[in-house]
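Below are structures written as structure tokens.
Two complexes, one shared chain (chain A), two partners (chain B, chain C).
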Partner chain A sequence: MSHHEIQKPTDITIPDTSLFAKLPVIGGVLAVVGLGATLGSAMGADKARAMFSYLWAFESVLALVLGAFGFLVIDITVRSQWSIVVRRIAETMQATLPFFFVLWLPIALIGMHELYPWTHETDAILERKRWFLSTGFWWGRAIVYFVLWTVISRFLYTSSVKLDGLGDNQAEKDKIIKRTWAVAAPGILIYALTQSFAAVDWMMSLQPHWYSTIYGVYYFSSSILVFFAVTTLVSMALQRAGVLKTAITPEHFHDLGKFTFGFVIFWAYIAFSQFILIWYANIPEETEFYMLRMEGGWQWVSYALPVLHFALPFLYLVSRQVKRARWPLALGCVWLVLMHLLDMYWLILPAYGAHGGGEHHAHLAVSWLDFAALLGMVGAFLAVFGFLLKKNKVIAINDPRLADSLAHENY
Partner chain B sequence: MSENIPTWGLLAQYEDPHSIYQACEQVRDAGYQQWDACAPFPVHGLDRAMGVKPSRLPWIVLVVGLVGSALGLWLQAWTSGSAYPFITGGKPLFSLPAFVPVWYEMTVLASCLAAFFGNWILNGLPRLHHPAFASRAFERATDDKFFIMIEAADPKFDLAQTEALLKSTGATHVEVLEP
Partner chain C sequence: MATANPTTLPDDPKLRGDVVLDEQTGGREPLVRGDYTFHDITERVLAVNEKPIAQTPSPFKFGIALAAAGFAMFGGYVGYLIWEGPGIWGNNTPVAWAWDIVNFVFWVGIGHAGTLISAILYLFRQKWRTSINRYAEAMTIFAVLAAGSCVVLHTGRVWMDYYLFPIPNQMGLWPNFRSPLEWDVFAVNTYLTVSLLFWFTGLVPDFATLRDRATVKWRRLFYGILSLGWRGSMRHWVTYEKAYQILAGFSAPLVLSVHTIVSFDFAVSQLPGWHTTIFPPYFVAGAIFSGFAMVLTLMIPAREWLGLKDLVTVKHIENMNKIILVTGSMVGYAYGMEFFVAAYSGNQYEGFTFINRAGGPYWWAYWIMMTCNVITPQLFWFKKFRTNVKLTFVLSIFVNIGMWFERFVITVTSLHRDALVSSWDYFVPVTEVLFLTGTFGLFFFLFLLFIRFFPVMAMSEVKGVMPQANPHWEGYQHGQHGHGASGAVPAGAVAQKDL
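Our next item is the complex of A and B:
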């Protein structure tokens, strides 16, 4: 009822003195030190362990960026209004996708042999899968993913930024927005296929005999969940840095909280769907995945995930008051980011040491390389993210639906 | 208005959402408790303007949902594990993973029923008649007019004073409702 009182926000660029403005430097240093240490170790005796840490860090951060990409193509297609005030944050996150090709290269160039048993082992099952799990095809698929991600993410980002400078030129704005609609809708299909196949190629093939048809959806559920949690935290951090102080209201945080809550349930639903079919059928080639995660300390992670990644956050975020209050919501989001890292760790690390044939036993053993790789990977992301965030406005100030988003209210 | 006919309350008509929003704030600030507002479409923030307290419905849903959840799990554990022990697929008698789908559905079912019928009970439904239905003007509450009704049961209710208040808030038409 107070549409006329809402002004366009003016605090829409990162101040030079804020921490956000220093992200390129801080992130850059973290990236050089963290990734340097990890890849340096990958040159020595710890090569396999270092590459597993690297893959874990890469997939954990890529999940966030792909989540932003998926959110954006869906958000544009459904003509969402509530999200305009936080959409530039998602646009900037997914605009870092092309850069992830560089971060992916060490996996293919240095660690491929250590990570993926199918590159050099063989048996009757692997021979039947050879047409798909062969080095050349694997490379080719990865190139296709990165080309598609680069083209679409750059297009969506530059289109949105172009609107900023168009003022009241409604005809030109409509033309650009209609073009993003035309790209975003098929973009959903491309996103669904590429992120699923990327998860299969880079994570599921760590245990090449095993297969799960829901694996791509599992990765999606983790990725979209961490996206909403991180977007909430970034929005809060931006407000602390003196940006968008009035534009993002408890109504928007409530919606971000609802999405976070919803995808907590979605993650559990998908994770359990994968588990129960394998548990019920009890066929050795399928149970291999869970057998590996029920020994050597990993069983505690397997038991902890349903409780800490689902039950606790479910009971916590179910409350409307929590979703509308700043610090309680921030706490829930930080917790879910940590759980996302644990989830990815549980997906990737048990495969470490699965080489040389014979029976493989997994042992849960955290290494300093995990922390180095994670800090480096987060640093690399923050450097590019911070650079782009500083370069342009942090809100799509000229989007025709901005007024609706500013006035957004939940019933 | 005659003093000797029994009064259920007063009905006031407003022409647009803005005026009913401001009228609600004034009625709220005047300290009335038993009153309601009707609009042909949702008016954003009207519950705040009316000073409506948060609904108790979430707590009802939570409690009934948890009871349904416990009941769903107990029913399966008791039937498969104790009342009629029967080994299925070589699994233990108490196999939690096998119980999860029904456990989950029972939680959802109990929560949904609690939300649906809790909503009825808190709103005093089912109710076949309401004093406002006697008013010809009120028929337009589902079309293009906005209404506030204050019940005579409200401790602050005084026919003359309440009518004066409603008129001062910009009501275009005020009438007495009989029980």
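Our next item is the complex of A and C:
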């Protein structure tokens, strides 16, 4: 707690020579090639398959960005101290949210018909759902989500960046910080509702007869988990690029690791809660979801997820040594990012077989389009993320709690 | 200089417990207000315990007499219940579960705040927990006992309850391991065991303090046995800290598991209103919500009467109110999501159940629940209300009421409209009010005994969050008169002899 001995870091801007500085170009190229190929295919005979790949890539990366948004509004509201050294990374991630509107447009404009059977099919059940599942209302809700996300994420990002230039002007700093407090707290409420309904709209309605009240919480658990894993990896990569070398210490990695570990358990808890209740009650309308994932090769993914997404990372990350050591923690986080992609794949792709492919049963078949869409989507995110990261400092250097964060120790 | 008489509050009103300080954009507010030495904390906390029995304050005597009467009445009621059987309740077909289960879920939920405060807040380094954890853990244990008594008694033939345990028996009769009611037996017993161990471990050093300060023989003996030979050596403390952390780790999953399994009691069924996938996290949030409300209901009068306002400050109350707001909103999210999915599903039975809840014969129960759990806690968005102690007390009671009604709404309204209209019925309680009152008697009787004989605050932990506990505290460097350089430390330092 002897803060006066700790110096503010000086390695706080991305050097021109580092890979991070080139991200806008590299990401841009990946985006053009990957998304170009996917959407190009979507114009041809493979339209449905291409759009499912696109949706999967979109939801996987959006989960990360929304996770950053959720983390930030909560972190600000609880007046967290430990996290200040990595908070700018989260701020920058969530600042890419407005851009996701552009990435969402192909889903609505090109793929809606192929992705969502309720847009054109009808039966007695779907008729009763028409009040919610109608194209106009669906569009309207999406616009509301994006407007709210854009306004809040921009505000939080620009407020934090404004602090950088204020030096010791405490009065002005207080004014800005107190304003972010006032926005972040209701932001949690807005975040909870918008991300839940976005998950219902864009993912749950892929199987429009099926419903589950926990679905929004499931998406949250995946999303916050991938956020902590990726933030850990980005922090490590930044240090390799010569930034924040002394600011982010094993103490912070330990905490990031603890959160990652905690949300591995939380994800499993939510996934298990949904599964056991549907399995136990055995109501046909609900078991449909799992039935689809128990055939055509998908059953292996269903069996693998509890082991590879929960048991293995649980046993691995439970160790304090792993959480405080660079390479072992990095390995765990890379693994969890891959598991997140598998989780999202398992949530989205079986619906393709069920209706998109016209065969009415699911078949696990990986396509080159999946890789193209994912590379393109990650590229698009990295381009914007890299651009913003380079543009401003990579740490909130003037945050009043920075000294506490730099001196942070676990007990 | 340190005050010789710890009952004197500091002159500066800024340092008194009930003054709300402006929140700083950096740093933290002090957790203990006033010019206290470590020794003063001991005096303050043990003042209640060390009064001779003859000098017990009369309000306390009155309170415990009332609670004891409630407890005695409960004893009589239990005898009557066992003699007559659950026919003395208003349960009918289709409402076969009513107040018995409602009371069980209500009490077991209350307990969760204690575990959350002692385990989860500990793992999250929330230092403000130190002033309230002991109190909340005691509440947990007594609430679980109250819950246990409801569920043990509701079986009717209570002498057969041992069948619930997987003990080998010559009849070859085994419990149904596929039933969540059986999982409940394991979950609640595990919960009680771990909570009791956690509570007792924390109490050991404080028992030793009471033993060392004892002036009469029975106290020396009583606290001597309870303190297990604690000598306060460095080795004892190291082992203690390790044990505490391990128990916190064990308790953390229990916060989730117990109420998750309680939610399974309902949710594994196919009944609309019971079967919905959000139940596990929703029940957990509701349990924490109700538990914090009960902590506030008990703590607000206690800090007043026991003179602990500098240790449980408005800051503590505000923090608890924030948790009330968060968990209340989570519960609100779940109510909303259930309603939404009932409409979204297009399932007419789901739809009917929820419309019937809000507008059917039990509409009043539903709206009491909505008002107390979702609407009134929203006042806590504003600092003005969060830091208003009287208002908090009233709202905490509202939450207690609302959460009891939540379980009533879930249990009774889902059941009273069966699939066949000919099976519909209306549940009216007969003698159940005595049952509920009796469990309150049990709870308060044990709780008041706890306040009188056990230290209500973890003294060593409170001392650990005071500025003096910091090895770099300015008070050491500048002699006996600290300069309060950090702004958080009140001017005036601790005399060395007090340490």
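Here is the rule we use: the second predicted complex is superposed on the first by the 404 of 411 C-alpha atoms of A that agree within 3 Å, B and C clash if a C-alpha of one lies under 4 Å from a C-alpha of the other, contacts with A are read in each partner's own complex, and residues count from 1 in each chain.
The working rule: a contact is a pair of C-beta atoms (placed from the backbone, for glycine too) under 8 Å apart; a residue touches a chain by one contact, two chains touch by 3 or more.
It should be emphasised that the depicted structure is a prediction, and the values quoted were computed from it without experimental measurement.
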Putting chain B and chain C on the same copy of chain A, do they fit or clash? clash
Have a look at where A:R320 lands relative to chain B and chain C in the superposition and call it first, second, both or neither. first
Contact-wise, after the overlay, does A:Y280 reach chain B, chain C, both or neither (first, second, both, neither)? both
Of the two partner chains, chain B (first) and chain C (second), which one does A:T17 touch, if any: first, second, both, or neither? neither
After lining up the shared chain so the two structures overlap, which partner does A:E409 touch, if you call chain B first and chain C second: first, second, both or neither? first
The chain contacting more residues of chain A, comparing chain B with chain C, is C
Have a look at where A:T246 lands relative to chain B and chain C in the superposition and call it first, second, both or neither. neither
Of the stretches 25-33, 61-69, 115-123 or 151-159, which one in chain B hits chain C? 115-123
Touching both chain C and chain B, counted on chain A across the two superposed complexes: 1-2, 276, 280, 282, 411
Touching chain B in the complex, chain A uses residues 1-2, 272, 275-276, 279-280, 282, 318-320, 409, 411
Touching residues on chain C, where the partner in the complex is chain A: 23-27, 125, 253, 256, 260, 264, 267-270, 275-281, 329, 333-334, 337-338, 341, 343-348, 381, 470, 472
Sort out for me which residues of chain A touch chain C in the complex. 1-2, 79, 125-129, 131-132, 173-174, 177-178, 185-186, 189, 192-193, 196, 200, 211-217, 265, 269-270, 273-274, 276-278, 280-283, 285, 399-401, 403-404, 411
Mind listing the chain B positions that touch chain A in their complex? 17-18, 21, 42-46, 49, 58, 62, 89-90, 97-98, 100-101
